[in-house]
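Input: structures, listed below.
Both of the next two complexes hold chain A, though its partner changes from chain B to chain C.
Moving on to the complex of A and B:
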């Protein structure tokens, strides 16, 4: 132990993984630092070792293979917002990343990997990734594996940030689907009090599939799809909107109750943002305003 | 692999045109190094959480909050601070002059965030509309709440930097 923490900047993924697997506790992987530094500045986090993955070229960049969008973990928010492949294949993701707070300064440095691994309930990227049925890839001493984002959320032993490194995020486009993101920002500062991402499929006016993910209302994301199945087979109307509101509010188990708003209101707003995200998906030109 | 571990990191930065080679402690922010090791006190410490933007600098041409950038993670970088906007002979940058003339700032504490974000915006957008200005400046809080005059001063800066684009 020394008074100051130590630091390493591995040059390759393999080097980083070897290093992490040889280290004991007190290790933190650092990418853009937008999450870590505020905690370090206030003494909330006092790592013994920083492993800086910022120099690992393999983790940088956005590409697409057919209908699949592939984003390296070090891709910064700013690059996602403006990238043509993201606009084409996953505009919902571009929209939710644009809704993030912190301004250009944070968007220029914060990475998608860091945002995912932070798993903060108020954050904006995760609802869209779950709605889009994204996959992620991670690497640790046991090797590389690809899993669904949903499975990652359910797995508390993934070791990301200390033993494992998130390497890539995959989203497959579904050309017949429409999408909407709605962030209800009711306080000063960056975060929403309830956020919703909706992915719908329609045939003409008829809703054929509906999938809504609500964030910021509970300490876990809330996926609502089966409970909304009764709305498929018909066109969307005001009554359907009221039903979405009711079902989605009800889907929130224990709502968060914090400086973003108290629990009763958060549950009600979960329903409202769900309806507005669905309306945004159906009426992209006019947008939600009710 | 443990031999990769260092107790300090050596960084090479071109700060406002001048080359510096510095030894930085892991965990230290770019803000602390700029203010305490380099003496660039124009970069202000406001919140240390990344919310206020008073510590804004440009890293390789893109704005960043220096209080939440870890110095060691920037082995080589070109850094522009608010002090670097001014020419060596003391002539103010057109953005600074526009803010001066249009009274765009009040107390001035947020100037690093407002002026450098304006600089990044105007690099690629010679005639931003209000929504584009707001998006570019959203990362900086003006505690004097002078947002209307800030918008006006950005407009004035556009006219000075791109006289041909004005009025479009």
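Moving on to the complex of A and C:
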């Protein structure tokens, strides 16, 4: 905590990593600033050193290699929303990034990397990444490594934001799957009270795989897939919907209870958004912005 | 780009784009925080983290050691140099209790967020950093948070020396309520809980005080709705003569009552400037702004009704949680809630018991509606309950009980004198605007398919332009009109603008009275060294008294100019015609002179053609609405209001019964503000009030934990509707001119928060009627609506009967 913080703007990823490895505590990595600056303005955060990676070109941009979508960590939300490769390979991600609040400023300045590193339980991108079984790549003094997003969530010593830099996000498309995203919020400007990303596989009418990730209902994402296995092998119907709602609500261990809504409601809503995300996946014509 | 007046085409009544709107749109408006001066210092205030505590010691030493800190003070330091802040509105005037209000707390804190110490530094970050190093040793005390619990026997009194926590109790009684209740077919009871929600202007408060070394005086650039009355308060607080203080209230980004004075920071920042000899600025954070409360009331209503829907009598016992005592006028909202019962309804036998209660929650300040919104919420929810109990339409119950349009002027049971209105007509127009019959059909068919659509109707009577004897809440105001030798106009008025565009409305009036182009008029408001002594903006008064007084002044100046024109043209004044800036005469077709030439002559030919006037071309006049009566009548009542604007509201909602979410599909309002000076200004006000009402009814809520700590600290928690949450709004005008005021004006700025909130609640209850859900506790957040549906005895059955 310093009244007179230092500021560094490294020109390459290697410079940034070298800089971070030489610094002690009180460091924040900043890029779009949509996470850090409100905290600083609010007096919650007073870093000693800002390491601004916003100028590192190699971290910006979207490309695809075969069925794999590769997004630089500094890609801003608006570029993800409209990008043809994202629409083609991971439309669920485009949808959830579009559902994000904060208006034009956040969409134009906020980055996918910043959103992930914040690890905020109410944010929109993480449920989709987990549902899509995304990978991420990070770099620190020990070098570059690629790991699954699920493993990242389980690892509390990743050092992202202070010691390590998130570099890329990878999503591999699975052409036979369908998807849905449902976000419940109290006003259009509010954070979500519960949201769900669903990825399904079907053969004709028959469900063959269901993977649902619920966000904003607990302090961590809730992945529900094994518990839903009993619903595969049959067509979706109202009874299946009620069962999804029940199972997903039950999957929430300790629900959040805050201004967005009390715990009892949040748990119930986890079920409702899960069902609605699944229904959106099954009815693509009406699904995407349900 | 205003049109010039052309024949009968006047400015009044037309939608003129605001004169003052351009600067904010292009980012050039100068808000108080935009003022910065050489040597500018910044203040940060240390606030209590406890709702109630004894202050044992305030240690400023660590703060003063921070480089860049210029001054740090605690309560005792400040108290030695200041007097208590005088009340904007003294509770004692109404038989209430008194408390000493200090800029910084001494010995005890009475609420979470109360200022305890202050640090001044060379920049804001340093001030904040140093403020975090002020050490305050508290002994927490038991916090009194709930209003009714605060009145319980044995409750801790929050102000030392008080017998109890009842700030004030006022009975509003008329007729024979006992007999009315005995003779009625039924008694319908309704408990209405109105939560704490506030106004949250986008521009928070800011004070920037400058010590003027040459004149040993203070100039305060401040977000003030009432610069002249604030000057008197500062004079008393700072022990300075009033003429050594100047207040400049520049562009205001919304006020809604929150910038009426009594705030501890006003005097404090002036003192800091005086002590440091340098400009000191304090800008309120959103977290601080959210501390300012309003509205929280619990009503226990009983209505004596006949089976045909006639309401014979009203009993209401209500408790307002006004928070810790403060010098701000917020507590008066509770008084007006009682005074304005029973609103638009012709109920003569009433027994309304108002209890304004002090607690350890942060203080109230005035908030748009000033208690009248709570009258509307309480009455309108109760009226719907009557309709439900009797099994009749909510529209029928209202039409049955309205004061008729031929019954004005109407003496209310609390002594108010309603000027005019057509309440039934306004409701009918609103129902047409919302296609009520179609909505009923849509509702029925939606229920068949398991969807829950509801229609809500509500009415709000909004007395505006108030005047309370013995206070700085006055009914009149003053304007000066000055026409220069080039024919351009400087208009100075004692009313100020919180951003509503009233300067444009007043300019329209002056343009018509003078016969000039509106672009030739510049309006100045809010500078105590320039404007006539005035009382600023509150209570929907600015156009009534600012416009009324400006019209009188403009008429005086116009007469002077006409006289000079007649002398110049050597014609009778009665033969003059002024069109498009040129005087001609019906008596002499060759006579012609421009308005500007006449004005130049008025200044430069004082010894020939202008001998008939006293230059300069200036006049200052006051408009004092005649219907205000401060001499008590036989029952001891006064009429503090010159205008009784009113409006009918209707909305259609759909409730998602799986989530409890309410979506508003349509909204309509029919508003009576007397003569409409500028439709877009009035409609803007109406839509803004509806936004407040919708937010208050559905999502906005300031919450506390059990120990009285405020949990709501940012817009993440205090959720206001965004544009995309607003339904389409149809605004209809239904103008019943006010016989007492210039042009028949009534207030237009304050109305609508309560009526629109009540319409939303009534719509939700109407939607959920098949499920047996009735909610009279605001706000109707999704979790609460969902919980009420879960608890309802009838399970959700699509197409279930009424």
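Note that in this section the second predicted complex is superposed on the first by the 280 of 290 C-alpha atoms of A that agree within 3 Å, B and C clash if a C-alpha of one lies under 4 Å from a C-alpha of the other, contacts with A are read in each partner's own complex, and residues count from 1 in each chain.
Everything below uses one rule, namely that a contact is a pair of C-beta atoms (placed from the backbone, for glycine too) under 8 Å apart; a residue touches a chain by one contact, two chains touch by 3 or more.
These figures come from a predicted structure and were not determined experimentally.
Trainee: Is A:264 contacted by the first partner chain B, the second partner chain C, both or neither?
Mentor: Second partner only.
Trainee: Now for A:272: first (chain B), second (chain C), both, or neither, which partner does it touch?
Mentor: The second partner, chain C, only.
Trainee: Would you check which partner chain A:220 touches, where first means chain B only, second means chain C only, and both and neither mean what they say?
Mentor: neither
Trainee: Touching A:148, do we find chain B (first), chain C (second), both, or neither?
Mentor: In the superposition, A:148 touches no partner, neither chain B nor chain C.
Trainee: Residues of chain A touched: more by chain B or chain C?
Mentor: Of chain B and chain C, B contacts more residues of chain A.
Trainee: Pick one for A:172: touches chain B only (first), chain C only (second), both, or neither.
Mentor: Neither partner.
Trainee: For A:189 in the superposed arrangement: first (chain B), second (chain C), both or neither?
Mentor: both
Trainee: For A:42 in the superposed arrangement: first (chain B), second (chain C), both or neither?
Mentor: In the superposition, A:42 touches chain B and chain C alike.
Trainee: So which positions on chain A get touched by both chain B and chain C?
Mentor: In chain A, residues 42, 189-190 are touched by chain B and also by chain C.
Trainee: Can you list the chain A residues touching chain C in their complex?
Mentor: Contacts found on chain A: 3, 42-43, 46, 184, 186-191, 193, 258-259, 261-262, 264-265, 268-269, 272.
Trainee: What residues on chain B touch chain A, complex-wise?
Mentor: Per the stated touch rule, the residues are 1-2, 4-9, 25-27, 29, 48-51, 53, 56, 59, 62-65, 67-70, 72-73, 75, 113, 117, 120, 135-140.
Trainee: Which chain A residues qualify as touching chain B in the complex?
Mentor: Result: residues 2, 4-10, 15, 18-19, 22-23, 30, 33-34, 36-38, 40-42, 47, 49-50, 52, 54-55, 78, 101-109, 189-190 of chain A touch chain B.
Trainee: Which chain C residues qualify as touching chain A in the complex?
Mentor: 66, 125-126, 128-129, 132, 285, 287, 658-661, 698-699, 701, 703, 711-712, 714-717, 719-722, 724-725, 781-783, 786-787
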